[in-house]
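Order as written gives the chain letters A, B, C, D and E; numbering starts at 1 within each chain.
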Amino acid sequence: MTILLKLIQGIGVGALSIAVGLLFIGIGRKITARIQRRYGPPPIQNFFDIFKLLSKRSISHGFAFDLGLIAGFSALLAAVVFLPMGQINIFPHNSSLIMIIYLMTMAYLGMAMGVSSSGNPNATIGIARALTMMMGYEVPFAAVIFSVYIFSRTGSLANIVAAQSGGFLNWNLVRLPFGFVAAEIALQGMLGEKPFDMTIAPSEIASGPMVEMGGKYLGFGMLQHSIGLFIETGIMVDLFLGGASNIWIFIAKQFVLYFAALMINAIMPRFRIEEGVSFMWKFPLLLGVVQALIVVL
Amino acid sequence: MSQSQWSELVNYFRGRSMWMLHYCTGCGAIELPPVMTSRWDMERFGIIPMATPRQADILLITGYLSIKTLKRVVYTYDQMSTPKWVLGFGSCTINGGIYWDSYNVIDRLDKYIPVDIYIAGCMPRPEAIMDSFIKLREMVQKGEAKGYEKYTKNYEWYKANQDHVFGRSEPVLRKAEEVTKSA
Amino acid sequence: MNSKKNGLAPISALKYLFKKPHTVRYPKEDLEVFSIKGISPNYRGFHTNDLEKCIGCGNCARVCPASAIEMVEYDDVEPANKFANTMRPTIDYGRCCFCGQCVDVCPTSSLQMSRDFIHSFHPDSSLSPEEEPESVVKDFIWRPDQKHADNPGYLRPEGDLFGKVIDFDRNEPRKEAPSERKLSFAKFVHTYSKEEAEKEATRCLGCGACVEACPNQLHIPQYIAAISKGDPEESLAWIYKRNPLPLICGEVCTHQCEEACVVGIQGEPLAIKWLKAYSSENVLKYQDVVEEKKMEPNGKKLVAVGAGPASLSFGYYAKLLGYDVTIYEAEDKPGGAMMWGIPKYRLPKEELMKDINAILDLGIKLKTNVKIGKDISFDKLMKDYDAVFVGTGNSKPMTLRIVGEDLPGVMQGLTFMKLVNEEKTPELKGKRVVVVGGGNVAMDVARSSVRLGADVTVVYRRRIVDMPAALEEIEEAQEEGVKFVETGVPLQIYGEKRTEEFEYAIASLVPDPKGGRPRPVVNDKSPHMKIKADYVVAAIGQHPNLDFLPEDMQKKIGFDGKHVPVDDYGRTNIDGLFFGGDLSNRRQDIISAIGAGLRAAKGVDLYLASQK
Amino acid sequence: MLKYVKTLNSMGLKARPLGDWEFEVLTPKERVAETLSYLKGSGFETFIHLMCVDWIDDGEFELVYNVESYGEAIQALVKTRIPREKPSMMTMMNLWGLCQVYEREIHEFFGIKFEGNPNLEQFFLENWMDLPPLRKDFDTKEFSEELFGFKEDESHGIKAPERIEYK
Amino acid sequence: MELRPLNVSSTNKRKRYELFIGPNHPGISGNFSYVLEMEGHKVADVTPDPGLLHRGFEKLMERRLWTQNLALVPRICVPEPDVNEVAYCMAIEHLAGIEVPKHAQYIRVMVLELARIASFLFGFGGVGGTTGLYTAPNWAIGDRDYILDLFEWLTGGRVYHIYQYPGGVKNDIPDGWLEKLSDLLDYLESRLPEYDNLIFRNPIIRDRLKKVGYLSAEDAIENGITGPNLRASGVNWDIRKTQPYLVYDELDFEVPITGNGDSYARALQRRLELEESIKILRQCIDQIPDGPYKVKIPNPFEFRVPAGSYYSKVESSRGEFGYYVVSNGDVKPYRVYIRGPSYSSGLYYAKKAMNGMRIEDVPVWIHMMDICPPDFDR
């Protein structure tokens, strides 16, 4: 019974994350458009896009292609289940940050497996960049997580959230400001927003991993992106913004983080891949290490 | 939900989200940047440029096609996943335009790939482009734009025409033979 | 500029988040940057064409760099004027590049462009792929009309004679001042110099509207193009294709072509006549142009009666076809009316002879001072020759039929002109001459009299604008001091022994119900006027004189005293008898006569071929 | 500029000024390299273009090398004529590497062989088997009609009036 | 139908593979293709594959009348069509000995400079587009549209103006146009600092661009690079100054020389020249004399240009745009050769420049060299 309930809850959370992610991207397009002096699409444009993509006939590039994408998508769906979102917390005792990050890495690896079987060099370069970039942002992010772990003395997101309860001043944002900045920069990389969007870089490698994806595959890719967006901002909310008491506040906090990322996205060009990685390993890593040192000492 | 209702719904969403391929085949493409960017903002209609044919729904033939480009266009069109639509931009796609007598520019696009909508003009203004996008959207939502079905149905005919242009194995004009022989 | 590196500088761009975008939200909004809403006021969109104004000259079609315009004949339009046709531009928007060159070159400004530019087409998906291209192309081809006229865009305003590309200003050849030229019979028009001719020739659009207006359909665009290329020889060769008397026509042609000239609709027409004069004057030896076309003789013998333009033209073209041609002339010099009727100041005799000699040099036999019917009977001609061409023209002058006409001092126009050309006129210095009539002969008489020192008054039944004479001639006559009396109907000539006074009535003009020229009507109330006159010359037209023809023949060919009915090839009801020139032409001028000669030559050829 | 014209004339070549900034040099085929290297040596370091004119009536191709001196702001057009039958020319790649592409283009459009140029493959066209298209005896309209299958009457339907010709 | 298959050859020491930049690629500046042979992320060899836009202009122009060709020539360089019209008309005028009235010459200068600004703004868009700063194209191309509005008002066409005519221009400046132009210049000047902040002071753009495509002055001269790219390498050469045409010698302007030779210098060069163009336009507004806007020439059918040949050139936003026109005295040109500024850089120098470049720098290099495929494809 519980399992069934959890399953239903899980599906619900997955759907919610997709919906919220898509809406975020939609609103994000609108906001970016404003900075670019135009109106932009309606906020629900992304739902049209997804629906259309899923209704298209698609070309597969072999079994590994399909499998990789499905693996990636399901890994992300699994990850979102473990994320505590306000009062919604399906596995209150199992919300291990390590597991979530592990599952998210799985998603990338699944994607890598898929697209590299398409044989398009652009996709290969793209996925290589994605993995390199992951190396880039995971290192400072790991440093930050390390300091948060040490600071909160727990590995569970739910407990980290609980540790921050009791007002704004208890938030890790205030307590671990260097860590927050480092994580925020890493988040930019995780979201694939500029200046860290070398993975898709249309003008260089023609949208990279997505180059051979059409129709349903691209639709799943976009869904994956929206879940990823939800999880990544969600982790940040849980880690630094004190979680939330209910889902709406949680989403609002997520949006604030996404908005900040959007602002940078709108005014920054993209790094070259090695610039991006070295930037990650310089400034945010330094902040993360400083934070860890502060926490440890 | 019945089959027809379902396809109506699908068509509605397809009409609201048409992605075009970012491919400047001819000079009409110079009016696309203004349409895509802030002054005219095509994204209002859900139309955004896409980097690869796999992701795109619309193929814009922005003007004349040289033989070399036609080859790529056909290749690109084959790569796109259905449903897909082709827009013929300006005079050149309709009847050759100002290049009607050029040795390297095809005259009628629809001999080689099916075209769903043609826009008059040389080159079409942003208003005309958007007007035709709106028209295409209506057609898609009504389920009238079926060029891709025609292509599969009459593939032999199209293929023969394509091969006639870029699969040729001997000179087109007899005169050339004589000259090459003497040279 | 401040180009210092600053990571925070881009943040200033975020202020646009709170500003109104500058997007034009088409179709909800429209551009609002010009004086009118929407696109610019002179935008080059779809064409409009005023079908009533369009003359179908086809210049738009020829100037189109994309070959998008085709002239198509339509039933539902009326020709805009008597030279226009019912062809209208039909534009293929699958070709059109909206450059506007057709608008620039439209001589009537009927073709314009509108601000409408949106047209899209979705081919019917039920059509098979073979049919589809046709349906697409059909949808993008249409005849521009007034559909978009309420939204005008790029156009050439009608009064804009500076024009876009057409040069509307004619370069008249230099002429002597009236006070100078009235003193002598010398030619007063200086034909073009090379530069002037080339400049004038480059005004030609080459549309060929003139060709249809020309009674003989000369290759006008071609010979003008050759002039602008700087090649009078080539030009003359083109002229010779249909006109063996180029210099004569260059000097004295009635140039209806210029009335049809499309440049003349809004500006001044090309001086086609003077251009012809230029190229024929600048080729010293016609032989180079003429000889090469000569054909092998075929042994057939033809005869032409009268050495006027019709017979000369007949002789020339028949000779080129290989016939052996003999021309009989009653006078001692060839040329007919051109020799005796045209004053020297218009056509110097040496120029006339240059043309005629070029023809005669081909080997055409000319027998002067032979009067048919008197020296040789017409029946003998019919027997001796394979075919007979009669081009004797109008030699019987019409008379005034008023009291006092038989007084000394009353003369007929042609008789007077013959005297002038023979320099046998009575002393006219200080005399008063009244010329009755308004044709070219009347003008010749009047202006010759002026040159002889007389005081001349021209009395004409209608207004000056109704005169059949060329406007140019009338103007020049006025400049030279000829007085004109409009609507004067001759009543009587008074005088004891010779002419002293001329009386006429001022008629009132009644519009012709058939749409022709108004008719002068004299009634009791019409005022009567008298002027002193030492000479009265009646130049009111001539009739043919076919007395040399046997009576039965005259009847058989249907001669009614004025006119001989013939078909296109000059054929009459009698086999082997051909007519041409003023005898049978509707218009009575040199170029028509030349045309009749040419057609008759072809007719003879057809006739003799059928005889075999 | 006049000093170059003078020098070139003294070298036995025909040189004359064309405009304010241009002068032309007519050289025989064999002396092109010599002329160009003289010009390059005297400051004409930039290679602007190489083009070809088909003088079909003379049976010759004219090659025009355009080089420019930035130092003195003058341009030299070096012109040479080669016969139209089996046309060939030596490459100028050793002077300007840039000539490689120009020569390849001219080989494609006029069929002139450039001896010493390693790559004269098709460049702008693909699968071209007809006459080189920019030759005067190549009829592009006919080609277009033949290959793209459309016919056009060039008279545009403008009707010449009916004349009765004597012949 | 055969396209070259993906060629992964293992015979080489290191694995090489082919990568197509274009024709269907967002990183290329038009319908044009570079076939890159890659070693990892690095370019090992480049084969330019032009001809995708080849329309045979030079052949078509031989078949058309002198003035009919005015509808064809702007199509040779689409982002900046006016240079074609002016260069072609200048060649005709030189051959036919036509003197263009001062008024018309000023109009021509204004048209050329406006087109230059429009092209530079397009270039700003290119900087943003290739580096992923999409706000830049949205701004710059949006602002360029205001220039197109002015063109439309002046000429009746938005992109293809077909406005020049041998002997002058087709119609006079409409009432109120100069005021509107002056307003636009004010607006553009107010926008320039914003572009500076967004693009030219942006550290990532600077760092990225500065690493790409260094070109020394000697190499630039050797490889026939012209225009802003040449000046960015430090060669003081601008046809408007050194061999002035039209009325450029009556106008007071400077030619900035950035001289660093890298891609950033090339972008900056354009940015600085834009300012000078605004300056020129302001002077034109003040100085433009009254007078006829064209001289009469024969109509298109009878317009014969005396036999001869002439090379006329115009400084375009990409470099030297030249028309070599040969006439044999007929109503049609005997031969027209078009020297596009991108020819040498795009087809020849690219091979040298891209060698060893990383894939992400290739589009940057293409756009900063401002390679415009139609002008060499013709």
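What we mean here is this: contacts are C-beta pairs under 8 Å (C-beta built on N, C-alpha and C of every residue); 3 or more make two chains touch, one makes a residue touch a chain.
The shown structure was predicted, so the numbers you read here are calculated from the model rather than taken from an experiment.
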item	value
Chains contacting each of chain A and chain E, listed by label	B, C
Centre-most chain [mean C-alpha coordinates]	E
Farthest chain relative to chain C (centres taken as mean CA coordinates)	A
Of A-C and B-E, pair with higher C-beta contact tally	B-E
Chain centre separation in whole Å, for chain E relative to chain D (CA means)	23
Geometric centre distance via CA averages, chain B-chain A, whole Å	37
Distance from the mean Cα position of chain D to that of chain A, given in whole angstrom	60
Centre-to-centre distance between chain C and chain B (centres being mean Cα positions), rounded to whole Å	53
Residues of chain A whose C-beta touches two or more other chains	33, 35-39, 202, 206, 266-268
Touching two or more other chains - residues of chain C	10, 13, 21-23, 25, 39, 62, 65-67, 97-98
Multi-partner residues of chain D (at least 2 other chains)	125-126, 133, 138, 140-141, 152
Contact set on chain B toward chain E in their complex	21-27, 29-31, 33-34, 37-40, 49, 51-53, 64, 66, 68-69, 71-72, 74-76, 98-99, 101-105, 122-123, 125, 162-163, 166-167
Residue numbers on chain D that touch chain B, as the complex places them	85-86, 111, 125-127, 129-131, 133, 137-144, 146-150, 152
Complex contact set, residues of chain C against chain B	21-27, 39, 46, 65-68, 92-98, 117-123, 125, 128-130, 132-133, 136-137, 139-140
Parts of chain A lying in touch with chain C, wherever the complex brings them together	31, 33-39, 263, 266-268
Interface residues, chain B side, partner chain A - complex	10, 13-14, 16-17, 19, 22, 37-39, 41, 43-46, 50-55, 57, 79-83
